[in-house]
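Next come two complexes, and both contain chain A; in the first it sits with chain B, in the second with chain C.
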Partner chain A sequence: MTSNNAKRTRVAWVLLTPFLALFVVFMVYPLVQSAFLAANQTFGPGTRTFVGERNFALLIEDPLFWKSIRNTIVYALGSLLIQLPMAFGLALALNSRHLRGRALYRLLFFSPQLMGLVFVSILGALAFEKRAGLINQALHWASSYSLLSWTTPSGGWLEYAWLQEHVMATLILISLWLYVGFNMIYFLAALQNVDQSLIEAAEIDGANARAKLFHVVLPSIRPVATFVVLLSMIGSLQLFELPYVLLDGNGGPNNQGLTIVMYLYQSGFELGDLGYASAIGWALAIMLIGLAFIQIRMMRREEASS
Partner chain B sequence: MSQPRFRIRILALHAFLLGLALLVLVPFTWMFIASLKSQEDFFSGMFFPPGDGAFGIAWDKLTWGNYKELFNLGFERAFLNSVFYSSTSAVFATLFAAATGYVLAKIDFRGRKFLTVLVLSALVIPPTLLIAPSYELLYRLGMLDTAWGLLLPTLSPTFGAFLFRQAVKQSVPDELLEAARIDGCSELSIFFVVVLPLVRPMIGAFMLITFLGMWNNFISPQIVLQSEAKQPLSVAIAQLRGVYRTDYGLLMAATVVSVAPVALLFLMLQKQFISGLTSGAVKG
Partner chain C sequence: MHMLSTALLALRSLSAGIWVIVALVVVSFVALSFSSRERTASLEMWMFSPEHLAMYDPVLEDREAADELDLHVSLMSIAALKSRMMSGFFGGLDTADLIEVERATVGQAFMGPVDAIGFRDLTSRLRDEGLLDTFNPPSLSPWSVDGRVFGLPHDVHPVMLAYRADLVEAAGIDLQQATTWQEFFALLQPVMTDADGDGKPDRYALSMWVTQQDNIELLLMQGGGALFAADGSPTVDSARNAALLAEIVSWCAGPNRVVTDVDEFSAAGHQDRINGVAIAYLCPDWMCSVWRMHVPQIGGKMKLMPLPAFEPGGRRTSVRGGTMLGFPRTSKNFDRAWEIAMLLYNSPEIARTLYKEVDIITPVQSLWSDPVYDEPDPFFMGQAKGRMFIELAPDVPVRTSSPYNQNAVLEFRDAAVNLLNWANTNGVDEPDALREQAQQLLHIAQKNVARQMARNVFTGVE
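Showing the complex of A and B:
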């Protein structure tokens, strides 16, 4: 029996080795190094100069860093307050009883997710282009009807400079197209898992649609909703590809579109200071972990109270 | 509720959902039609160039020229690179994650608890934190601008280990493993012959997730790979835009080429993908 156990342990290690070796080299080691790097200044890789806590001191007084945080939070709040309610509403509509073709609708709304972010960015960059873009052409066409003509901005829709003057609005609009259907999938899955007997019991008690929504449905999908909020915040705070490609690798006019990860990328790979980039990375990590922590505590409290 | 009122409500709902679905699909349609327009015709008509063909559209002005031009620019190499990186990453990441998940779920040995906590706690690490130190590591290992440098860091997915640990716990009964041992099946072949077939749905879902993730990955290849010959579609298309800024038709053709194969793959395997996507969320 002991020899059997020893054999089993040996095989366990054989199966674990590829994963663990890569995990230690490409995950644990860089994580440790990121702490050291944050206390150094580099000029390209392999050239460290120890600077202690200077990177963080600089960071706190760096107006560009604060601007990137502000921009990122505006985007994150945009997705939280606009995208998620839309996704939930859409899930409710799709969850209607006796609705046919639910699977097809679900697939259609999800379909933008099939495009990777870079490819969406290319499509977005062209769609929001001044004269040739789909958006301005469609708005121009729609406002040619007298009923909608009052919506036309002073220079006409064709000249409306989305990417030059309304970067954040553009980013949020593209992200609506991209993520509403994606988040809808989670909400819909949660809605379909709601215990039907609870709803029936509420109906027997004479609850109307509104009461059912607020007292039965919402409480029972709360864990999934919390998860979706967390996932969407984590994703939003790490926004990179969309503004990077849309704005040709820089922050756009007056750095309106500079996000935290974009600033990290610029510092580390355009200016070559991997130390400063690591400091930005840690600032972001602390924000993300703090966010996750708050959410987990909220979830615990809800579980305790229910 | 009375029958006709109910019918009207369902009809109104369908009208609303169809309108929304149309709105979602318009950019795809626009992209595809734009990829068929030559540069001169790009500004004629929002979608199709107007003319005197059927439906008032100048069908003869549509051309495959942009796609041919992509070939002339050697864009197919980026496509093949993407296929290679994505499939290699998908196969090995899934294999390693499945092996780890199985061991952590079923084999009792000293240190298992520690390893489980170690691997699962890595789920919290934001990937953006590792960008700068990973670049320096790859530089020291001499792996910058190599496929190794792009692929190796993707082959130990902690999320995958977590998913497979759950899947093995759920769908591989201990009795079956014992029976296989009594039948004289070696420990290693138990994993390949007994365990892997039982978690096949998760294998499909995770391979697809990894494949898509690598196909759409931009920041890693952008940082790791310098030579043009090694770049995948995501990087190549961003550079194409840098050079051919106003050649909209060409850019849209490149986007169609980059997106269509993945979309087809997804459509064939979508059931597995969606179940894999939501399994962690709903059952948790």
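Showing the complex of A and C:
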């Protein structure tokens, strides 16, 4: 018996070896190396000076770092409070049995995902252009019919410079186009798995639509909703391509669009200070670990309550 | 033995799909391991500009046909070139024998002391061959560190003012009389009217805005401002910079602003140019070919003139953009690479093509006598555009090669954006009234640039 166990353990190790080798080379080594780099001031990988905790001390005093954190959190909150309710609303609409052509709508809402972030960024920049942009043209048209005349800025909607005045709001609006359909698919899958007998039982008990939504549907899809919220938050904290393309590789006027990962990229790959970039990376990692910890706590609490 | 046989048994239970993936991994690994990494040509050149390559190709093909040259040219995006170049420099690895680099890209390579720069110091070679004085002197400045030259200049890029002569002359205005910006804006007042009654002028005098950092930098240099001293220390908050910032922002502020931002490269911007939203544009030589290609509708309606100066007798031009040809230190074929560089950068034929195809004037002063520069250009109503740019070339401002220039320019731009917001909030649009606030904002910008510079591993660690 003991010999059998030892044999199985050895086989397990043999089979695990390829994974472990890759894990050590591509995960453990870079992690250790980045911790080491974070204690150095560098110019590329070749030139480095040991500075101990100085990079982290600089980080705490660095207004650009805090600005990038603030911008990223604003974007993450925008995603959470605007994007996800919209995605859920769309999923509810598309889950309706009375709606015809549901498959077509699903495809339409999901299709921006097929184009990719860079392409969406370029189209977004065109849509939000001054004078000729689709958004300003539409707002100008609407205000000329008195629909939005009360909101018209002093220079008129055509002259309104979204990418100069409200960079983060513009980023959130463009990302709606990309991610609402994507998150809708998760919610839709969850809604389609809600036990119909529970809904029928609630109907028999006289529950109206609102009661069914809050007391049957939402509790049923809570695990998926938790997952989507966490996925969305983590994705938001890692935001890079959208502002990078939209703002020509810098943070835009007054660094309004500078995110944590953009700042990491600028520090490491444009200024060559891989040490400072590693310190920023560790700060981001701590934030992500914190979020993951919250997720685990929430899931455990759900498991305990169920 | 038992362990091995158990492992083999376990492997046998894997699906066919897994084995296909494993086979693909093994085949790819073997193919990559044995594929030749040797260069097929004896020399390698990296470039970012397809237009430049199109000019060089006929000359290079002639040489190759005569078996005098064995050169492979790789064309890549600016971002790819920067990334490959800097990876090579960081790691001390082979890059190319010749690299054509754009100004905004090269800064990072100049971050360390002279002996840590990845490009070869060309100063002695240029001096020995009597070439140092052949180039337009200010055109060497962006490629020089501590008085040492690290690249051959490809261009001068002087800036003129291009304006819609059809609109201006129809209004009976002789804009060529304007020698200062003040006179320029005053002369154009009659065309900045509100004919459609929407409460704002139908046309603005100039296309320029506080968010256009390249144009802001251009105007700053024209006015004698500078973001760095000769020793590389930041001078963002100098009194001259503050005065210029206040002046430039005053053009954008208030209900009577005289400038607008027409996007320089988008279709929407080109449509604005056709519609005459702005009368005049800051026009480096290379911009002429951009317009010729993308906005032919304005051809025959434009004229050029020297930039109006900030003060009477002041500088009438500036500079924007630039490219150099560098020789990485790791190249083992410097002499052969130098021959190619002389062929491409000193040849009268290529200088002529450079002007005819992309409107760029060469920095080699001895080639400026070519009659091609005197040819009338129908796009600019028959003006001898080349000669006009050449007359301004010796006056282009000397530029910094600081690796932090791009950061400083962005900080200066942010100061301009904030000053404009402050001006509009407080209803102030006179330069004198803006100057104190400009100075305060530039102090912040200076601190930010200094903070970034303090992180330089070569100079910043205390």
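Going forward, the second predicted complex is superposed on the first by the 278 of 306 C-alpha atoms of A that agree within 3 Å, B and C clash if a C-alpha of one lies under 4 Å from a C-alpha of the other, contacts with A are read in each partner's own complex, and residues count from 1 in each chain.
Here is the rule we use: a residue touches a chain if its C-beta (ideal position, glycine included) is under 8 Å from a C-beta of that chain, and two chains touch if they have at least 3 such contacts.
Keep in mind the model is a prediction, meaning the values are calculated, not measured.
K.L.:
Between chain B and chain C, positioned on chain A by superposition, is the outcome a clash or a fit?
P.N.:
After superposition on chain A, chain B vs chain C: clash.
K.L.:
Could you look at A:272 and tell me whether it touches chain B, chain C, both or neither (first, second, both, neither)?
P.N.:
Only chain C is touched by A:272; chain B is not.
K.L.:
A:263 contacts which: chain B (first), chain C (second), both, neither?
P.N.:
neither
K.L.:
Between chain B (first) and chain C (second), which, if any, makes contact with A:254: first, second, both or neither?
P.N.:
second
K.L.:
Can A:75 be said to touch chain B (first), chain C (second), both, or neither?
P.N.:
Neither chain B nor chain C is touched by A:75.
K.L.:
Can A:7 be said to touch chain B (first), chain C (second), both, or neither?
P.N.:
Once the two structures are laid over each other on A, A:7 reaches both partners.
K.L.:
More residues of chain A are touched by which partner: chain B or chain C?
P.N.:
B
K.L.:
Who does A:156 touch here: chain B (first), chain C (second), both, or neither?
P.N.:
Second partner only, chain C.
K.L.:
Applying the touch criterion given at the start, work out whether A:15 contacts chain B, chain C, both or neither, answering first, second, both or neither.
P.N.:
Both partners, chain B and chain C.
K.L.:
Just to be sure I read the superposition right, which of the two partners does A:62 touch: chain B = first, chain C = second, or both, or neither?
P.N.:
second
K.L.:
Counting only touches as set out at the top, which of chain B and chain C does A:131 meet: first, second, both, neither?
P.N.:
Both partners.
K.L.:
Which chain A residues contact chain B in one complex and chain C in the other?
P.N.:
7, 10-11, 14-15, 42, 45-46, 126, 129, 131-132, 269
K.L.:
With touch defined as at the start, can you tell me which chain B residues reach chain A in the complex?
P.N.:
So the residues of chain B touching chain A come out as 6, 10, 13-14, 16-17, 20-21, 24-28, 30-31, 34, 42-43, 46, 92, 96-97, 99-100, 102-103, 107, 109-110, 112, 115, 119, 122, 124-137, 139-140, 152-153, 155-156, 158, 161, 187-188, 191, 212, 215-219, 223, 234, 237-238, 241-242, 248, 251-252, 254-255, 258-259, 262-263, 266, 270, 274, 277-278, 281-282, 284.
K.L.:
Help me check something: in the complex, which residues belonging to chain C touch chain A?
P.N.:
2-3, 6-7, 10, 83, 86, 89-92, 108, 111-112, 116, 198-200, 211, 261, 263, 266-268, 271-272, 277, 403, 410, 413-414, 417-418, 448, 451-452, 455-458, 460-461
K.L.:
Enumerate the contact residues on chain A facing chain B in the complex.
P.N.:
Residue list for chain A touching chain B: 7-16, 18-20, 22-23, 25-31, 33-34, 37, 42, 45-46, 90, 93-94, 96, 98-99, 101, 105, 107-112, 114-119, 122-123, 125-127, 129, 131-132, 134, 137-138, 141, 177, 181, 185-186, 189-190, 193, 223-224, 227-228, 234, 238, 240-241, 245, 248, 261, 264-265, 268-269, 274-275, 277-278, 281-282, 284-285, 288-289, 292.
K.L.:
Taking the touch rule as given, give the residues of chain A at its contact with chain C in the complex, in rising order.
P.N.:
7, 10-11, 14-15, 41-49, 51, 58, 62-64, 126, 129-133, 155-156, 159, 161, 164, 250, 253-255, 269-273, 276
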